[in-house]
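What follows is a set of structures for review.
Common to both upcoming complexes is chain A, partnered first by chain B, then by chain C.
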Partner chain A sequence: MEQPPRQITAIQAAATLTSTNIGVGVLALPLFTVQAANSGAPLVTLLGFLLAFVGFVPLVLLGMRFPSQSFVQYSEAIIGKWPSWIGSACVIAFFAVLTAFTSREFGEVVITAVLTRTPVEVTVIVMLLLAAISTRKDITTFAYIHHFYFPLLLVPVLLIGALSLKNADVINLLPIWGNQPTFMLEGILTTAALFEGSFVIAVVIPAMKRPDYALKANFWGMLVGGALYVMIVVATVSVFGAEETSNLLWPTLELAKATSLPANVLERLDAAFLAVWVTTVFTTLLSSYFLTVTELQKLFRQREHKMFSLFMLPFVFFIAMLPQNISQMYATIKIVGRIGLIVTIVYPTLLLVIAIIRNKRGEHADAQQMGKND
Partner chain B sequence: MRRIRQRNGKPNSESTGAEVADQGLANIGDERISGNVEETIARIREKLGENDDFTMRRFQVFGRYPAAMFYFSSMIDQAIVNRDILKPLMYMPAYLEDKPIEQDRLKSVLLDESLHHSEGKSEDRLAKLIGGIVRGQTIVAVEGLDAAIVVNTRDVDKRSIDTPATEQVIRGPREGFIEILNTNIALLRYRLQTSDLRVRSMEIGRKTASKVAVCYIDGVTNSDLVKEVQKRLSNIDIDAVLDAGYLEQFIEDNHISPFPQVQYTERPDKVVANLLEGRVAILVDGSPLALVVPTVFSQFYQSVEDYTERFLLMSAVRLARFVALIFSLVFPSLYVAIISYNPELIPTEFAVAVAGGRAGVPFPAVIEVLLIEISMEVLREATIRLPQQVGGALSIVGVLVVGQAAVAAGFASPITVVIIALTTIGSFATPAFNVALALRLLRFPLIIMAGIFGLYGVMIGLILIANHLLALQSFGVPYLSPLIPSDYQGLKDLLVRGPLWWMSKRPEFLYPRDKTRVSPDTMAQIKSPPDKVLNPANQSEKER
Partner chain C sequence: MLSRWAKTIKLPLVILIVFPLLSGCWDRLELEERAVVLGISIDTAEPEEVQQEGAITFHSDNVSFPKKDLISVSVQIAIPGKIQLGPSENSGSGKGGTVQSVWVVKVVGYTLDDALVNLQQQISGRLFYGHLRVIVVSEAVARRGMENINDFLRRNSEVRRMAWMLISRGRAEELMKSKPQLERVPTLYLISTMDSAVRMGRFPQNYIGMFWSNMSKKGQEAFLPYVEMKKEQNIELKGLAYFRNDKMVGATRSLEMGTYMSLKGVNPAGYRGFVQIGNPPGTVTVYATSRRASVSVRIIDNVPHFQVNVFTEINVEEKFSDTFALNNSRVLEEIRKENRRQLSEAAERLIKETQRAGSDIFGFGEYLRAKRPGFWDRRVKTKERWQEMYKTVSVDVKVDSRVRRIGMKAK
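For the complex of A and B:
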């Protein structure tokens, strides 16, 4: 099989991670964490982030151990053909489901907040089509896309964070560990589940110019994402207070509604915020969809991943339409997220342990490059 | 350079592109002329004799050897033919008089001793001779010589070098290319007086046999790029190349993208600047526009003026140009989205004013904007076609009167007219006509998306456009470089124009061979404090 050109830089890889992690989940994040530990929400977010931060290290180490192979390929090398086939199929299925629910969640946000008379099917299929068309491009373009939209993700979050300082009250954040937190662990797991997109690093590493920078890229990419998460939760809870936040479906969106630009340039920010947020949701969708189709291509040993893009669309759309309403959707997302943690964190960790025990190691990237030049 | 197809008009599989098929010449094949003048005359007359401007003149070389001269009277300089060919061939040089000239020496005597023209050579293949006549060369066939003498006497009228019509600058050279290739190459050569400038030419077009010149700087331009350009050009087999634009459509990477991947310019100084960055320029005989490859998006809002004026000011101007570019794409669709879906975004007082203006308009905002946009496109196209004398008058009538009347008639709201006018003017601020055209076209789908999905639709449309741009390449160079993928040297010349001494290296994304632009010594000198020679303190000290 032809290897993709090694063109992706560490910065592009880091940007890919951050923009994958920041997505539609951020809109409901303060609600989940406040439900878990009321005023301790920032702490829950931080802990959830740390869990994911540590949890994805084995995957990156695995990728660096097999720098020129994709996840499907090296898991086969580690645990043999059929067990790895099942594992990889689970990963692919999980990301197909994740793609579906991301698009559904955003579809719901759009029809609730701006396009109230549009059926949810339309907004979902539009987002899915957009992602499907974009996954037909190669991995280099994929990284370029993430790199390009990276500033678009930073600006609205930082802007809203800064503008909400006007209404913020530190008292809302105390006590830091929350008032008798009951579902702390659950909240941590829910937050960690929002970082599951980081799995995309497994696709990026084989195309990186210097795979040995993957850990560094992972560190910075996750750190920026985590910092933004904590910032959003701090801003929301400090403005609304834990009690009020738990009554809001998408507290981050409400935060955007509550802030306005100085000098009244734009009277309300929520529609503009949502419009810009389309790009960040798109990058998240793109990552999980791209992961699904490229790993499918590897699994079925096809030359091109393009045909899977449109082939998967009906399935993903069908899954997205399964939940009957928003509350059912969020209940499903929570369960899927828990399963996802096993698939994206526990399974790669196991693989790494087995790889170390069996002393399996991939071809070194430089050696392969030199072989190519001969 | 020119080789004639050997097999009957069939494309030659090993053709290197310099080859041109000419049906009239195809059946001649490799035929050579004999020493018999009458036979040569008959053969050439058979091919070209039906033209009234074809001239054949018989004379006697040195008064002894019968000869014939052929040319197209419309394409040659009569004075040169008379003075430099006919006269020296008729009069024998004084030192040769009374000496018999052997048959085998005659050719060298004629070419090396008699002919008063620097571009003369001997040629024996009939196809080449006829091809030469068609190009404006003069052929002299002499009895007893198995090769004819070919002299370049071409003289085609040309317009004078003029100010570039479409790329005017306030500060910078005033010369623009003209149609004649040689003049254009001269315009490049005198700006780049280095032995490293390479001009490689080939002929493309079965009928037009247009001369195409590929220019690059040896040691700067990546040699792989030069090879690829020549490969793509040589693969073109078309009957006519009437302008550089014909070639552009064959050598670009993505043929269906609305975005141009090749830049054209009529400014020699712009071509030279691009050559010095490591690009390749393609010039075509008969076209006043040079093509420059590879092209990245940022080139389309840059102007030569950016580099001749002070960097701070021109950075601001470039930013303004960039804003105009973005505006010309998204302004109408944003307006439609906000008016139709999110009027709460704009301040209340303004929203009320907008609603008041729209009160009498029967259509939804999207229809209204589309209608005005389309009429604006019609107006713009009409103003280009109109004769210059009425163009100005009509554009005033069209824009002012019709716009005013449309508002008064309740056909459009005043704010719509303002928005469309701003958009149109914004698209004219873009220096590159072809990219302005692309954005003009993409505006329409965006407006429709805005009408259907509001801001959400505009974003979807913009994401699609951005993704397309990110996937686009020109000769393998990503279209959005140096932004994505980032290139530090290139970023200095992206949105702002860095000072010349700061941009000390050529842009990395073109992989130039020689990277240095400004020498480190100059950099050091610029950083050291200037000598204040005429400072009163220094001068008064000297006087003392």
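For the complex of A and C:
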């Protein structure tokens, strides 16, 4: 089996992580966290982020331990063929479902807020097609796409955050732990679930120039994503107050609606925000789709992942169309998110522990490169 | 052979995919096919209007709404091509006065949506709310409760949070039909009235989004501008219409808007007030130039005590008589003392008034929730409990002010 070229820099890996994590979830995030702990929403976001931040370290360590193998391959080396086959199949199935629901959530937002007469099937299939076609490229292009869109995703979030400060009121953020938070843990898990896309680092590491920088890339990539999340929640809650935020289905979108550029350039930013948000959803979809497809290729020991791109499309689309209404969709997303935490955090952690106990270790990247040169 | 066959099939395939994507989406809507709504007014339906309810959203036998809850909605729709930007030259074309640039249509319904559906049934273009800037609600409707109106507007994705909502004394419909001289479009005149009031410090910024936020907060009640149309089609800001939950429970007087803004420390400051001083006896008019305010709370015997510290800087604008001169610090000191006394009295009166109505428009409750969460969680918790407790809390207002300037006259 030929190895992918090692071309991805640490910065690209970090950009990939950030733009994967910032996705469809940012619109509803303030609502979820406010439901968990009213004015303590920023704290919930921070704790959820920290949980994911720490939770993904074992995966990165695994990747660095087996720097030239993909997740499917090294899990086979660690726990044997059949158990690992089941585990990997779960991971792949999970990311297929995640892709499906991401596209569905996107579709719901678009037809509710902008294109009210367009059928949801169309918005979903267009987005999925776009992602599917883009996943036919190799990992280097994949990282380039993320790197390219990275600034585009950073600017509007920062802009809205800064401009909304004008209407912000600190009282809305106090007390920072919330007034008798009841669903704190639930909120933390829901927020952590929004970072599940970080699993993509498992695909990126084997293609990194210097896999030993993976931990650093992971650190910065997730930190930027987490900081943006906290900022969005702080901005939303400080402008609207916890109670009003809990009345809004997509508080971040409302924030963009209530924010105007100075000097009457744009009276409401929601159109601009949505346009950029489509890009961030695309990068998120691209990551989870790419993960599904490439791991599937490794699982079935195929030479190329291209054929899986279109092969998976009907399945993903079918899953996306399963929820009957928007409440059911969000309920399902929350459940899937919880399961996802087991698949993406607990399972790799177990693998790492077993790998350490059994003292399994992959070839070192440099050693392998040298071996090739010989 | 195969490649040529592939080529011939590829082109139609590309066309097949590209054309549906490029030919536009389902939501294409030409400008002249939409009816752009600029303003909406909501009144209670008058007896003779009751019969006009169109029964379009329901069959009249299986829905029972009380007839007295009917509302009458006037909608101001922009007439495409008639709204000119900037000054126009065609006023000399013989008709004189303003050219009709908007079309006001009145409908009756049980709810806001019902009324608008009835309206859509009578109008060809699709109603579009993206440019809805002003919603005027009559006092009668506001006192009955605005839950339904807020719900519809919040649910609609086109309505902006930066629109203004006004409470009108008397029929709200009049404001939709008004023909102000300064602007071609009545709603734009209403907007500029409100915007410049905010700029001049005559009214706190209070878009519909902020109104909703205040209404949802547990420790705060909402307020809206209370307006009245005058003879010359001008609009007077009469005060703050304050709410309890979604129902209007009272309105302040004009100067109390200034008092409210002092208590909240809103800048710029724009109100003038008489100050009657005793030594030397006389009256001057002063205006505040800037305000600062801070709140602190203490819990004594399970009752919250609030202290508001207000600081205003004032200038003298007018003096009534020549019996004294404004040429030394002692007189200014006298004015300052008197202003302090008057402002704190006015503030306490306003707070008392809202306490009687159980409407905490100042957000003291929010302050308590934020700064004393332990007390709040134990004793208050809900909006209803705070509304009751607000009636009993004590609020001390301490005003400090400085007289800085006396204008261009030396005496």
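Things to note:
Keep this in mind: the second predicted complex is superposed on the first by the 374 of 374 C-alpha atoms of A that agree within 3 Å, B and C clash if a C-alpha of one lies under 4 Å from a C-alpha of the other, contacts with A are read in each partner's own complex, and residues count from 1 in each chain.
Throughout what follows, a residue touches a chain if its C-beta (ideal position, glycine included) is under 8 Å from a C-beta of that chain, and two chains touch if they have at least 3 such contacts.
No experiment lies behind these values; they were computed from the predicted model shown.
Look at A:E244: by the touch rule set out above, it reaches chain C but stays clear of chain B.
Once chain A of one complex is fitted onto chain A of the other, the partner contacts of A:A89 are absent, as it touches neither chain B nor chain C.
Using the contact criterion defined above for the overlaid structures, shared-chain residue A:L350 touches neither chain B nor chain C, since it reaches no partner.
Within the superposed three-chain model, A:R268 lies in touch with chain B and with chain C [touch as defined at top]. In the superposition on chain A, A:L115 contacts both chain B and chain C. When the shared chain is aligned, no partner comes close enough to touch A:A227: not chain B, not chain C.
Of the two partner chains, chain B and chain C are each touched by A:V126.
Overlap of the chain B and chain C interfaces on chain A comprises residues 114-115, 118, 126, 267-268.
Chain A meets chain C in the complex at residues 39, 112-119, 122, 126, 167, 171-175, 177, 179-180, 239-241, 243-244, 246-247, 254, 257-258, 260, 267-268. Contact residues on chain B toward chain A in their complex (touch as defined above): 341-342, 344-348, 453-456, 458-460, 463-464, 466-467, 470-471, 478, 480, 483-486.
Against chain A, in their complex, chain C makes its touches with residues 21, 25-27, 154, 157, 160-162, 207, 209-210, 212-213, 216-218, 363, 366-367, 369-371, 373, 376-377, 381. Of all the residues in chain A, the ones that touch chain B in their complex are 7, 9, 11-12, 110, 114-115, 118, 123, 126, 130, 133-134, 137, 141, 144-145, 147-149, 264-268, 271-272, 274-276, 278-279, 282.
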